[in-house]
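Let me give you the structure first, and then I'll get to my questions.
Here the chain labels run A, B and C in written order, and each chain numbers its own residues starting at 1.
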Amino acid sequence: MSLFIKPKNEPVDKTLTAEAYTLGPLQAGPPCCNPEPLIRVDNLSLHYGKKPALENVSLDIYKGCITALIGPSGCGKTSFLSVLNRMTDMIPDCRVSGNVHFDSKDLRHPALDVQRLRRDIGMIFQKPVPFPLSIRRNIELPLREHGMSKQAELNDVVQHVLLDVGLWDEVKDRLESSALALSGGQQQRLCIARALALQPKVLLMDEPCSALDPISSGVVEDLIQRLRGKYTVVIVTHNLAQARRIANYAGFFWIKDQRAGCLIEFGQCKQIFEAPAHELTAAYVNGSRG
Amino acid sequence: MSLSRADRQLITLLRGCALLAAVIVLLILLFLVKESWPVLQHVALTRFVSDASWHPVDGLYKLTPMLSATLYSTLGAVFLAAPLGIASALFSRYYAPPFLAGCYRRLIELLAGIPSVVYGFWGLITLAPLIGRLHPPGVSLLAGILVLTLMILPTVALTADAALAAVPIAYLRGAAALGLSRWGLISGVALPAARSGIIAGIMLAAGRAIGETMAVLMVAGNVVQQPLGLFDSVRTLTSNIALEMAYATGEHRAALFVSGVALMSTVLVVVGTAELLSREPHHD
Amino acid sequence: MTKNTLATGLIWLAAILVSGVFFWLLSDILIHGLPHLSWSFLVEAPRNAGRSGGIGSIIVSTVLILAVAMVTAAPLSLATAVLLSEFTRYDSVFGRLVRSSLDVLAGVPSIVFGLFGNAFFCIYLDLGFSILSGGLTLACMVLPILIRTAEEGLQATPNDYRLAAAALGMSRSAALVHLLLTTATPALVAGLMLGIGRAVAETAALIFTSGYVDRMPDSLFDSGRALSVHIYDLSMNVAGGDTNAYSSALVLIILLLIINSIAMNLAKQWLHRSVVTV
């Protein structure tokens, strides 16, 4: 029985305490105050062919914080996320305009080394995508591709990241077995470990818990919370309670006039949920719309 | 597109290979024309039909007996194979119990893989003598038609089966709910819905029959004469090429290449039409 | 009698007729071919123009011709399939050109391949009647099948792998080699088997390219006789060659059965794999 599955009657209320979760070496940092923006998005618009998907989105992603993007389906949240690590390059007919700066560098510059960028900005998908390889090889493969070749170093990193995500005790005896044999929650944690192995600065997460059962979902959510401070996390989620629990900042997306997605409001999480400035935001967070 | 240097190098290599593969067809056309040239230079195309007979040694290039033989054998084979093939598909899809249907389908797939030379061999040893007992000599247009039927039947059956499988099951349920009998359901709903796929399959089979060499060569008799009856010995265009290439030189050889070009174009037209038919959007 | 019963009757009749004829054919070959089938038949050289003796040298020639064909066609078709599947947009001009030319190639009758092979490999490239000419001609013939099955195999790999690999900063070629090709391997090998099956059954393309000589070939430049050509020769040109022709035909059919069942098992394994990885 895993150490990381919470007993069922413990209340799941994390907003009041900033106490670090001390299981595993990964410990969350304190909630950020006066953080600096790591990614600045200015007037971002996105079109798939003729169809607009996002219109004039401007926001800042603050370093070391968890930023939640909330809003109903189809508002362009996933598209927004895909811009941040240039995954939109892989979509034919996709046009992006506007400015995005990561660490003061122009992220959309054509000469940018995109493979290097994706080391700094990692992505976790909604459906866990473990490679059809052994657990060890899942983590080693991207590392090798990025230049690490010494087996001792690789073994170190594999152990380190698996400890961080809390999988080490569960899989340390079967690192050579197929990753496909893991449960959904374990697979998602493996994907997070795989991304962490590249030592990213930012982790983009597209509804990482929605394809998981409630218990695994809880475990992955704990892990995401522990990423705070050391990593910057941008998480798209439909689960308002989850956003409330874990996020420092929240951005509310909505569809404008049945056409393109847009950002209605962005701010500190507490403010968005308790004292939203826009009436749509208020309607969405208290459940009367969306 | 974010491509690394390794990717770009790989793409160049791959493009080269793809180009090589694509060029083969052009090469074939080129060489066919090149080899046909000696005869095309001084023999008008109409002479291939209007000459007195096929005597390349004397400069006579009438291809009509061979063309007719190809035409009749193909038509005969399609005429027999189409209903049998469609019936086979209907059998395995709607009439046979599941186990039998699976066996039958596997039998057809097995038969699709039997080489033409084996069909021809069996036709020569078993079928032709049987026909010969009815009406000598046995090796005849009829034998050719029967062997061709056997060969193209799996093609018709398998493509018809695929076309029928693509009929949305909702159509069939709807028809059954209206109280249609099994045949009513098939003739009224399934066959019309699968029609373009089935016709495409038949045309594909026809293309195969036109291009078939070995089986027909072995059982049709190979006498260059205009087929007047089912029991006449005939020589198809393909058999003609196969038989005479061994010793043909100069203009004779070039004439054979001309018939090869004619053959290729005919097959391509037939197969191309089949492709167009099968790509047609589904009419609801 | 209602239309329905008539139809049922006719369809059952058709199925019985078809299976009957095929069983007749298969049993005929089995009955006449099995008695003479033996290990010595498989390894001995043909004697007396093939009337007696075995098919040892024939089998060697057949294997060599197949090897030449596959060694040439497999890498070329894999490369083309990878390009079409991974690096070309479906509606690109280059992609459409390649696909159309392959469609045309697939429709060319085998005797025309024989003519081409003769004109190009034997005469123009001066390879003469040889195993090399025969193998290269067959390579051209099986190219469309190999490319189509390889492309289908690659297309069937989950797109998630490509996205996840890209998000990890892996190059397309790395993702291809480590993930996609390994996942698609059963499908690729199944396609290879299908190609081999098609090549082994081929006769018309080989008669004018690999030659007729039935002795053991010394090299790839030597002429060799494939199994299908041997059956043809024994039945048409050699009086009394029927017995050995039956046995040869049986060997050919058994060979094809083995190849096709390997292909089918691989295809099933591939399907199973791509379904289980939910």
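Just so we're on the same page, contacts are C-beta pairs under 8 Å (C-beta built on N, C-alpha and C of every residue); 3 or more make two chains touch, one makes a residue touch a chain.
A quick note: this is a predicted structure, and the numbers were derived from the prediction, not measured.
Q: In terms of C-beta pairs in contact, which two chains are most connected?
A: B-C
Q: Centre of all protein Cα atoms: which chain's centre is nearest to it?
A: Closest to the centre of all protein C-alpha atoms: chain C.
Q: Please identify which chain has its centre, taken as the mean of its CA atoms, farthest from the centre of subunit A.
A: Farthest from subunit A by mean C-alpha position: B.
Q: Based only on mean CA positions, could you tell me how far subunit B sits from subunit C in angstrom?
A: 18
Q: Determine the centre-to-centre distance between subunit A and subunit B, using the mean Cα coordinates as centres, and give it in whole Å.
A: The mean C-alpha positions of subunit A and subunit B differ by 58 Å.
Q: How many Å are there between the centre of subunit A and the centre of subunit C, using C-alpha atoms for each centre?
A: So the centre of subunit A lies 50 Å away from the centre of subunit C.
Q: In subunit B, what residues contact two or more other chains?
A: In subunit B, 4 touch at least two other chains.
Q: Give me the residues of subunit C that touch two or more other chains.
A: 171, 174
Q: Note the residues in subunit A that touch 2 or more other chains, in rising order.
A: 90, 114-115
Q: What residues of subunit C sit close enough to touch subunit A in their complex?
A: Interface residues on the subunit C side: 89, 160-171, 174, 178-179, 182-183, 273, 276-277.
Q: List the residues on subunit C that touch subunit B in their complex, please.
A: 2-4, 6-8, 10-12, 14-15, 17-19, 21-22, 24-25, 28-29, 75-77, 79-80, 82-84, 87, 94, 97-98, 101-105, 107-116, 118-120, 124, 140, 143, 147, 171-174, 176, 197, 200-204, 207-208, 228-229, 231-232, 235-236, 242, 245, 249, 252-253, 256-257, 260
Q: In their complex, what parts of subunit A are in touch with subunit C?
A: Interface residues on subunit A, with respect to subunit C: 85, 87, 90, 92, 114-119, 122-123, 125, 127, 129, 131-133, 141-142, 145-146, 180, 191, 194-195, 198.
Q: Mind pulling up the subunit B residues that touch subunit C in the complex?
A: Interface residues on subunit B, with respect to subunit C: 3-4, 6-7, 10-11, 13-15, 17-28, 31-32, 34-35, 83-84, 87-88, 90-92, 95-96, 104, 107-111, 113-122, 124-126, 150, 153, 181-184, 186-187, 207, 210-214, 217-218, 238, 241-242, 245-246, 256-257, 260, 263-264, 267-268, 271-272, 275.
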